[in-house]
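Take a look at this one; I'll ask things after.
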Amino acid sequence: MIESENQDYNELIKGIWRDNPVFVQVLGMCPMLAVTNSAINAIAMGMATLFVLVGSSFLVATFKKWIPKQIRISCFIIIIATFVTVADYTLLALIPTVHKELGAFIPLIVANCMILGRQEAFASKNTVRLAVMDALGMSAGFVFALFTLGAVREILGSGSLFGVDLFGGAFEPWIIMILPPGGFLTLGLILFFFNWVTHRREIFLERVAEAERSGS
Amino acid sequence: MKQRDPELLLQHAPFLREGKTTPSVMVDVLIALVPATLAGLWYFGIGAFLVVMASILGAVLTEVAFISKQHRGESLLDGSGLLTGLLLGLTLPPALPMWMAFIGGAVAIGLGKVIWGGLGNNLFNPALVGRAFLLATFPIAMTTWTTADESFWTFRASNFDIPFTYTEIDGVTAATPLGLLKFDQEVTPLSDLFMGTTAGSIGETSGLLLILGGVYLFFRRDLDWRIPVSILVTVLIFSGILGLFDAERFPAPLFSVFSGGLLLGTIYMATDPVTSPTTPLGTWIFGIGVGLLVILIRVFGGMPEGVMYSILLMNAATPLIDRFTQPRVFGHLRGDRD
Amino acid sequence: MTEIITANRPDAEADPPPIRLIATLALAGLISGVAIVGIFEATFETIAVNKARELRAAVFKVLPGVSQMQELTYADEQLVPVTEGMSSENSIYAGYDKELNFVGYAIPGEGPGFQDTIKLLYGYIPADRKVMGMEVLESRETPGLGDKIYKDDVFVGSFRDLPIDPIIEVVKKGRGGKDNQVDAITGATISSRAVVRIINENNAKWLDNLPSPGSEPGLRVETNEVVHD
Amino acid sequence: MQELFWIFISSLLINNFVLTYFLGICPFLGVSNSLETSFRLGLATTFVMLVTALCAWVLNTYLLIYAPYLRLISFIVVIASTVQFIEMLIKKMSPTLFRALGIFLPLITTNCAILGLAIFSTNRGYGFLEGITYALGAGFGFTIAMVLLAGLREESELSEVPALIEGTAMNLIIAGILSMAFMGFAGLFSST
Amino acid sequence: MVKLNPLSLLTRSFQHGVHPQYLKEQTQDLPIQRVPFVENYVMPLGQHIGVPCKPVVEKGQRLQRGELIAEPGGFVSVSLHSPVTGVVNEVDEFRTFDGNFSQSIEIKADPFAAQEPAIGPAIDWESMGIDDFIQTVQAAGIVGMGGAAFPAHVKFSIPDGQQIRSLLINGAECEPYLTNDHRLMMERPEALLKGAEIVRQKLGAEEIVIGVELNKPEAIEILHQHIKPGDPVRVESLEVKYPQGAEKMLIRTVFGREVPAGQLPRDVEVNVSNVSTIVAIADYFDHAMPLIERIVTVSGPGVSYPANLIVPLGTPVRDVLQFCGGLKDEAMEVIMGGPMMGKPIASLDAPVVKGCSGILAFTEEQTLKRREYPCIRCGRCVEACPYFLNPSRFARLARARMYEEMEEYSIFDCVECGCCTFACPSAIPIVQLIRTGKDQLRNTQASAK
């Protein structure tokens, strides 16, 4: 079973960096930008997405044999919409303040291409176990991306992180960061940074390989 | 006679040049800005000088840091980074902390120019990208103005604020003529606008000197006269028309032209060749668009001033304008493109 | 997304009978419906309580000294308490003190602000013809500038004991002096004006139609609000 | 009338769906590489938005006051099937129109701008006329943003954009600058 | 960027265009001189546009000056005649001005021959039919001598159903430095008028219009003096502007009509011929002298003694320059033609050909001082282009290798007049980029077929 455990692990971590849904696949942009003006909102949105993705992946993988191909998309959407409604009401009941901030963007999780994409591309073709692993990994990557963006925007835009003041009140906030343009610009620059890191890493790996070749 | 065949060059025609070069155009614009800059420094004192210098420094350092090595020499030589820094500096309020001006210069070159691939490739005016960023980022500091009549050596503490810390603008605050009109229904006399003894951005207050620079550029043929003419005429006509409805409420045509950053933006920024249309018809459309947006934002919008946004919006529309205003090619009938 | 939807799998088999498709969809719909109704039922009460609490908190804030409230609306040109089944779209709130005496109205209003619609609630005392407080319920004004309409205590405080006659005016800081004038927030004149305009508009809409002071409807005892305090 | 005007201007410029609400980013970034496609997609979206506003109004008035919990799922199902139906109708009645707009319709249905429109106009309690106005404003606003971005992108293909920033990163930054420029519209017609 | 030129509103002229310095002072007052004969002459078989001609001589054959040495290779082709009395030395590949090798006939001049052309009797043109006239012009080896070297008889062949109303004689000479047409008009106005009358009658045109730029007032004056009252000839003074001498621009200026894209002047009932071409026709009909020599302006800052010279075709450029005192030390580049559209000469051994209107030598000033800057889209090129194209976009598209888009912007309408590059403050080689685009497009189109 070592192999299978390895695979579990692979499915889990690929979403965080290598196939990160936001930074690499550029999916799920709408919630990504709209709600990341603070880290709290970003995490809440990420968690709601995680709940929906894992739940629907589990169901889709479980029932994949019973879902005829012709209507699979409709079924996926019904499943996803159900989970989103559940998440919406739960959040509204439990943390109304956060729900007020996220507002209309919770229902919009339905339209997040990443979720439907995972059902179509992965959950409907793999075992329940792998599907859940994949969903967890992808969601983790999504949460990571949301958090990165939310944290950057909150720190620069409000001088705080998770509402905790970081600069003792003496910070001049960069208001653009919590405004829409800040969302676009920050994500653009983060993607640039991501490209740059990947690029540097490739160069580094190439150099290592070269050194090994010449060394041996 | 020397046998020079192997040394013969094989460059292609044409061998004659009109004589203008891109750096000479930049230098001309810099020269044209000198009177307005000096007037700004005269009215707003040493603090204004520091703000302009910080902005130029931010722009030039960013340029040096990011432009690839093989392009470095020429892009520093062409003086465009310096010009961007200066133009941005002239649109800033005199009491702005220097670090903000520096960041503005850096953003202007970084987001406005470097990521597009350097001079000639950007689609938005870099100085205005820098200013829009600053205005959205530090809205209070960017809209707190000081009076123009303090002594030259008045140091404003806010100019020296420690970077990233909370800013309280210092000095006698005052409203710009446009702000006075919009929020207090007070009309500033035209002579003040003409001479520049009003509150406002460092380089925008003196209509006379700005026009002087424009005339210089016109005679040096560095300026597409259609753009300033179409903007100013549109503004005049539309404020005239609005005035017919309610002369009390809407600004008078000449006031509209001489107040705020309209002249600075019109003469030096809207005419930025890189970000304005290349086709003659396109430049008219561009100018009329800027003029309409200026009046729309100033009169009906939430802010007293809208020149910067108008130019940026028309910059965004420039690729479309250029595309749909290609002149009729000689010998082609209208309508068939090939 | 299109690719996902339109790309048929290569190993397409023979179509299952349509009845099966419909049955599957119906089943999925059924399960989904059950789940949704379930969560709705489970959370309904908490959500209603939260909402009511929020509203009460806002009303009590804009009408100091109030401890009971009820929703009023016009029916047959009379201001009557809202009962079940009535539309609550066009309604105001009446606030009562501990002795169940009428204190004032809390009037909701909304209108365009700098960025988007501003929704607010303000308390009005008919006896004094004064605004007693203002609370912004929803707005997307610029952080650091426009959001001072609810973050700036001085501005919010200026809506306490504010005479509404002839009309509430916005003036530049330090220029006012009259009782019915509110100092605009520096740098956020439009947002400040929007708040005052919303209040003036709603005054115009409601004030002439309110019952004369003294004849306000009393608090209905058998209120069907969910009150848990 | 004045309110309708403001709703239109607000959704068109001040609160542009793409540039301030980030709705419809996927097609915004994905399809906007060609001007013509963008324009057609924008028009098709406007059309679907109108249909959506109509559906949302019907659902809100006749169904959701009894069963508010069905909001999301009924929006999705009803809008998707209505659009599907209209697509078939267009295909039959006007093949030219179908070629111009039809191919985009299924793509648009899953666009979050559509669902966003339905949810936002419900949240704001818009009635029939208001909903239609809102949809028109949002649709044209979407089209304007798409077309502007497409023009800028086509032009920037001629620029020497550094390789590391080319692609999505660059598009986002262009969108950011565009969004900054659109901030100029804030407060439009609210002070008068 | 902007030219506020009130004159262009008053004078009838084509729109756009540029105003280079004309620099004609060096040679415009110098009478035409004859270059002495040299040892070796090389006659490329493809001096004209179209099919190269076929040699009719063999190695070692003796030739008289003006004797036929090659026949036309097809309809779009002309005869070639020996420029000197001498012996055929070789029929082989020789270097031409662009550095490529081309099939040519080398003739060794007879050092003792008088080098007088065999002057024959005047040809009776009046009774000649149009077909004979065309054949005669082809046999005389006459091509358009403004620079393009397009066979003249092809232009005179008017398809059925079309007719020519006006014969427009191009004396604009808008290229800077060049003064050969200027001198020709001043020194041989009778020949010009006679040739024009021959062509007019043969084409059945109603009028002759001679277009001369205003910077040649003496030429205009002399022509006026020679026109007899009642002649269907008028001289039009043209605004001094480049490219006034481009066929279609000239028609636009004189008749106010645009020749539709892809069509020819004859489609608007005009025939345009260069001054030198007309004089060559007159010479042939007068004393049967075929095209064996032409007038060349030798000028430019790199030449010691500028001159207007009658040069026998096939004379090496080196010898022509030698006659003018040789190149100065600072000369760096020699070109054939005018400075706006001329071609660089790769080897000074290359011969003078039929289309060579000038030999110009340039120094560092004109060649090396060209630092290229990025395009700032100032639009100066757009306002210079007489064809209303968008050169800036062509350059940017070519740099991005987006050639198909270049076609959408009508790249094939470009005549490479060089106005855009002249006006560009960033010194971008726009014309070359456009040529690259055209080549690439032609290649893809050819390979697609």
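Should a chain be cited, it is by its letter among A, B, C, D and E, assigned in written order, with residues numbered from 1 in that chain.
The criterion applied here is as follows: a contact is a pair of C-beta atoms (placed from the backbone, for glycine too) under 8 Å apart; a residue touches a chain by one contact, two chains touch by 3 or more.
This structure is a prediction, so every number in the text was calculated from the model and none was measured.
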Handout entry: Farthest-lying chain, centroid of Cα atoms versus that of chain E
Key = C
Completion exercise
Taking mean C-alpha coords per chain and comparing to the overall C-alpha mean, nearest is chain B
Completion exercise
Whole-angstrom distance, CA centroid of chain A to CA centroid of chain C, is 34
Fill in the blank from the handout: CA centroids of chain B and chain E: separation to the nearest Å works out as 48
Fill in the blank from the handout: For the pair chain C and chain D, the C-alpha centroid-to-centroid distance in angstrom is 28
Completion exercise
Chain centres from averaged Cα atoms put chain A and chain E apart, in whole Å, by 69
Fill in the blank from the handout: Residue ranges of chain B touching at least 2 other chains are 111, 118, 121, 133, 136, 139, 302-303, 322
Problem - Residues of chain D touching at least two other chains - result: 26, 69, 73, 110, 158, 165, 170, 173, 176-177, 180, 183, 186-187, 189-191
Fill in the blank from the handout: Where chain A touches two or more other chains simultaneously, the residues are 78, 81-82, 85, 89, 113, 116, 175-176, 179, 181-182, 185
Exercise for the section: Please list, in label order, each pair of chains that touches. Expected result: A-B, A-C, A-D, B-C, B-D, B-E, C-D, D-E
Fill in the blank from the handout: In the complex, the residues of chain C that touch chain B are 114, 142, 144-145, 172, 175, 184, 186-187, 189-190
Fill in the blank from the handout: Note: in the complex, chain D contacts chain B through residues 35, 147-148, 151-152, 154-156, 158-162, 165, 170, 173-174, 176-178, 180-192
Exercise for the section: Would you pull the chain A residues touching chain C in the complex into a rising list? Expected result: 66-71, 73-75, 78-79, 81-82, 85-86, 89-90, 92-94, 96, 113, 116-117, 120-121, 157-158, 173, 175, 178-179
Handout entry: Residues of chain E defined as touching chain D within the complex
Key = 396-397, 399-400, 402
Handout entry: Residues of chain B defined as touching chain C within the complex
Key = 139-140, 143-144, 182-184, 302-303
